[in-house]
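The following pair of complexes shares a single chain, chain A, combined with chain B in the former and chain C in the latter.
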Partner chain A sequence: MQAKDALNYDYSVAKCFTYATILFGIIGMLIGVVIAYQMAFPELNYLAGEYGTYSRLRPLHTSGVIFGFLLSGIFASWYYIGQRVLKVSMAESKFLMVIGKLHFWIYMIVILTAVVTLFMGVSTSKEYAELEWPLDIAVVVLWVLWGFSIFGLIGIRREKTLYISMWYFIATFLGVAMLYLFNNMEVPTYFVSGVGKWYHSVSMYAGTNDAMVQWWYGHNAVAFVFTVPIIAMIYYFLPKESGQPVFSYKLSLLSFWGLMFVYLWAGGHHLLYSTVPDWVQTMGSIFSVILILPSWGSAINMLLTMKGEWGQLKANPLIKFMVLASTFYMLSTLEGPIQAIKSVNALAHFTDWIPGHVHDGTLGWVGFMLMAALFHMAPRMYKKELYSKKLMEAQFWLQTTGIVMYFTSMWIAGITQGMMWRATDQFGNLAYSFIDTVTVLIPYYSLRATGGLFYLVGFFMFSYNMYKTISAGKAISSEPQNASPMSA
Partner chain B sequence: MNMETIRELQAYGYILFTIFLAVILYSYLYHLYRDEKTGTRNYEKYSDIALHDNIDDAPVEAISPLNKEKD
Partner chain C sequence: MFHWLERNPFFFAVGVFLVIAYAGVVTILPDFMESARPVVGKKPYTVLELAGRQTYIKDSCNACHSQLIRPFKSETDRYGMYSLSGEYAYDRPFLWGSKRTGPDLMRVGNYRTSDWHEYHMMAPTSVVPGSIMPAYKHMFSNTADIETAYAEAYTVKTVFNVPYDKPDMPKLGTLDESKKEVMAQAALIVADMKSQEVKDAFKKGEIKEIVAIIAYLNSLK
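== the complex of A and B ==
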């Protein structure tokens, strides 16, 4: 290719998704903090009529952070990493550029419509799958466009071998496609029986079957949205930022196949002691415990990548974010299997320990990794130094404090709750009513909400740092090889 | 066939399947190390794909027209 000297990677789509990540991060986390305070101060439910109630806002928080913040962060990273590890620019294919931009705009329309319809109370009532059928079809369209983008870029690549991050991105694409299609099989009631509005639907499955499909989906949404693409990111960004090769590439391959095989069977742990067949429950439990191995395989591989280079942890806040992300990944992938053991689950199920577990994973692992990824990408995409290292350090400590407050308060609240629910007097009568547990838990709810608020303030600091980097960062003449340049 | 026999067969099936999966896992690990030892493939060099990822860096394993024909 003669024009290769003049060729550059094209980050226009990655930049669009970067802005979307920041926007949906603010919306999703803000709503999260509001509903956390509503748990501590119930009168906050009545601030905005029906639109401000906990039940209306909760799906907005979960969908906002998962499908808004997280997915756009994944897409931003894909449009950045994909080109670089395949050594091909999107600018080399007009078709892929059009697909990329279409992907972004359809995504924005879908997510903004989702925000509006969820505020209106239009919901299928399936957890993490609340969108009604017309939006589900739009989601399929945008997912297929992403598929075109992934396999299109692979088709014109110069690098023969697919880097490990690519495997994880492909797995994200295929995994979510399969899960989303099966869990969202729904019957539009108006067209079938004339009941409800045209956009209403009911699940195609009923009763226990619906529960099994729902949690096969629900748990694997954690797998293929919270875990697999984030591993794709850390396998690229940590080695690149630190300048160190992956500690063991072979271990990364082994962990990949381990994770792919084991994760799909673990969803049954959401239904322990329910009406699903006993073997499904036992299988869910056992596979959850086995899941520690591939999860720790990746996490330890990342920590060992820093072997002999721990000085960077002090010098570079981005390394700090990523190492802590990896550490939180280890914590939550140990905690999850513990909760999936039947006897532990008998205590933990339905208590606040569960949201505590979810949030040390999402805030510590997912959130930190996403922000580190955007910080790493910014100087390369905008050719500017990161605006403020001090602000980044302050953000790191504020958010870390917030996460610790969140999960410790929920550990205590959850175990207290579980113990109170099962406590009996000498005659075998339950010692406490439900409201007794609520009264005891209120201080922990305040602590949790304040931890969440710390994290949200940290996210505003991150957004400001990104905004100032883009608008007023010091220009850099050449692209940094490893450590991202940042002003003091 | 009575329930007890079915349960017994299930248990044998379960243990055999577990052994089968463990064999697959260790065979994959063996395959990775054997390929490296015999020089068929050096997996560790693929880390360089991330480290040397400028558009004008040489690919770790380029797709050449010859390779394409072979594929």
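== the complex of A and C ==
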């Protein structure tokens, strides 16, 4: 396909997933803000009877943002980037069009069913893998469909060499497939015993082994959902938006293969001082520290791509989103290894510092990159100018403030709680009862929730900007080369 | 080699898979059998306790409570003896949690009683002033699912050789036999409770979720 036909790529599936990203982003983040305020104001637990308690809502928040917001954003960007880097339109294959649409609708059914069942309390208890076996099977089906889409498009590609983003999409597909399958191995109890609920199951692994498999999954779900596909995006969108070539091919090679090899070892850092074998804990700790290298490799590669072009930060808010995303990625991938050092972990584990760490990565790195990606895609998919640059600027600063409030309050809360748990009086007795270490945190919980609220308001601004772009943006006649066109 | 891989998606995918699969095999498999062995004297959960455990999971208690005591003096002073791998041999799934918004519950059965739990679930601040835990009043009206709990016990006995019906171990038997055992264990807890709603329901042969979860929490020692 020649450059003049560039507007002929088929974005129908990418558009569907864009709407899903916005929908689930609002739902997932809204629940997040509600549960954050519940920790500061426990009366908020009683808004919806048994379905409104913190504990019922927490898996809905995590699954909602990970598998609703984030995953649909990943799929949206795949259905956009894939065609472009492989130089082939989906419309050239009827089969791939059917697969793409089927993928979207099965995905929607799975996520909506997941929302309902999690509200009902149907859960396996495993973090980020709460869904029971019937839904697990549906997830496998939708993942296989995505596989058909990736490898089908690769099969009919014109550009023979796979661009860096493709490496990361392939890795996302394989990594999540492997992790999800092994962590969700369970025996449906009804089919063995003939009584009880048909959808109930029991884990194939017990106790310590179950914990090992779960955190091998849990940690690497972070790798292959929060990191790998987001790197696929930034390697495509930052060079595109800025018009700069990627700084170093060799650095991208080192970061990719390094990340693939090192990440999977690091799950053990969730289990330091637990009952898993000591050598597994030590390996987890060491590899977590090594993980700084490939993580910073990608981030530095992106920042150096902007070398000599920093003026674009002022001119283009999308560059600002992406550069700050890389910076938060660096912060988060330095903080993680610090927390994985055994002596630091002894203090930090089980405290609010951990959700603090998760959120500077997810809000700063993942959220910013995803929104920048959709902003970049919109003018090209809908052939419209972005609706408002001013709104985008306001959103950027509001959300950045929100993120800083979030992680600073959680740093203080986490370290405070960790120190109070271990504090002793002059006789060596524990200085504080547990409840003392809860009530002291309430101001920080308020601050955190308000930071989250800022981010959510920013997300509404993003959604409104997208909506207005699609419905009322100024039409453009040709595909924009680099910087996305936007009205003031 | 890398240039070649980038033009050959199949081998590229195989390469990526080998590189990512390696760590899991090396870290999880070697000690798998050792980690699965129960400590001497550890008994599997009774059916009522399993029903309570399912309630614990249904309401995601593990979102705020850990069940893992680390080997630090500050933790053993607060919660009791540190955890041993073999104590978890019958935990499917494990419930270590990842966040202590509330305290650890690994050995809560050693220092809390049935009536304390009853007050606490009805109104947490009545026994812990300043608590931010939600009340779980619906556990007093929802009926525990004993049949699914039986199904789970039967499944782990059949598939994983969990030692039900062995000497000194909890009895399982048929569903009807098991229900009798469950009623007998529940009767002791209901007797310690104040709630008329729960007592009336029990007289009609219904076991509320609160009874099951108290049985489970009392078993954590």
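Basically, the second predicted complex is superposed on the first by the 478 of 488 C-alpha atoms of A that agree within 3 Å, B and C clash if a C-alpha of one lies under 4 Å from a C-alpha of the other, contacts with A are read in each partner's own complex, and residues count from 1 in each chain.
Rule of thumb we're sticking to: a residue touches a chain if its C-beta (ideal position, glycine included) is under 8 Å from a C-beta of that chain, and two chains touch if they have at least 3 such contacts.
Just so it is clear, the model here is predicted, and its values are computed rather than measured.
*Asks:* Quick one: on chain A, after the overlay, do chain B and chain C clash, or do they fit? Just give me the call.
*Replies:* fit
*Asks:* Have a look at where A:S203 lands relative to chain B and chain C in the superposition and call it first, second, both or neither.
*Replies:* second
*Asks:* By the touch definition at the top of the document, which applies to A:L174: first (chain B), second (chain C), both, or neither?
*Replies:* second
*Asks:* If we overlay the two complexes on their shared chain A, which of chain B and chain C does A:G308 touch? Say first, second, both or neither.
*Replies:* Neither chain B nor chain C is touched by A:G308.
*Asks:* Check whether A:E159 is in contact with chain B, with chain C, with both or with neither, and answer first, second, both or neither.
*Replies:* first
*Asks:* On the A-aligned overlay, A:L253 touches which partner chain: chain B = first, chain C = second, or both, or neither?
*Replies:* both
*Asks:* Determine, for the superposed model, which of the two partners chain B and chain C contacts more residues of chain A.
*Replies:* When the residues of chain A touched by each partner are counted, C comes out ahead.
*Asks:* Have a look at where A:V187 lands relative to chain B and chain C in the superposition and call it first, second, both or neither.
*Replies:* A:V187 contacts chain C only, not chain B.
*Asks:* In the combined three-chain arrangement, what's the angle at chain A toward chain B and chain C (CA centres, steps of 10°)?
*Replies:* Angle at the centre of chain A: 110 degrees.
*Asks:* With the superposition applied, I'd like the minimum CA-CA separation between chain B and chain C in Å.
*Replies:* 7
*Asks:* Common interface residues of chain A with chain B and chain C?
*Replies:* Residues 160-161, 253, 257, 261 of chain A touch both chain B and chain C.
*Asks:* Would you tell me which residues of chain A are touching chain C in their complex?
*Replies:* 38-39, 42, 45-46, 49-50, 53-56, 58-59, 121-127, 151, 154, 160-162, 167, 170-171, 174-175, 178, 182, 187, 189-190, 192-197, 200, 202-203, 205-214, 216, 253, 257, 260-261, 263-265, 267-268, 270, 273-277, 280, 283-284, 287, 346, 349-352, 354-355, 421-422, 424, 429-430, 434-435, 438-439, 442
*Asks:* Can you check the complex and tell me which residues of chain C touch chain A?
*Replies:* Per the stated touch rule, the residues are 2-3, 6-7, 9, 12-13, 16-17, 19-24, 27-28, 30-32, 34-36, 54, 57-64, 66, 68, 70-72, 74-75, 77-78, 83-85, 87-103, 128-136, 138, 142, 145, 147-152, 154-156, 158-160, 175.
*Asks:* So in the complex, the part of chain B that touches chain A is made up of which residues?
*Replies:* Listed in rising order, the residues of chain B that touch chain A are 21, 25, 28-29, 32-33, 36, 43-44, 46-51, 53-57, 59-63, 67.
*Asks:* If we count contacts the way the header does, which residues on chain A are in touch with chain B in the complex?
*Replies:* Residues 4-5, 7-9, 84-85, 87, 89, 157-161, 163-165, 235-236, 239-240, 243, 245-246, 248-250, 253-254, 257-258, 261, 479.
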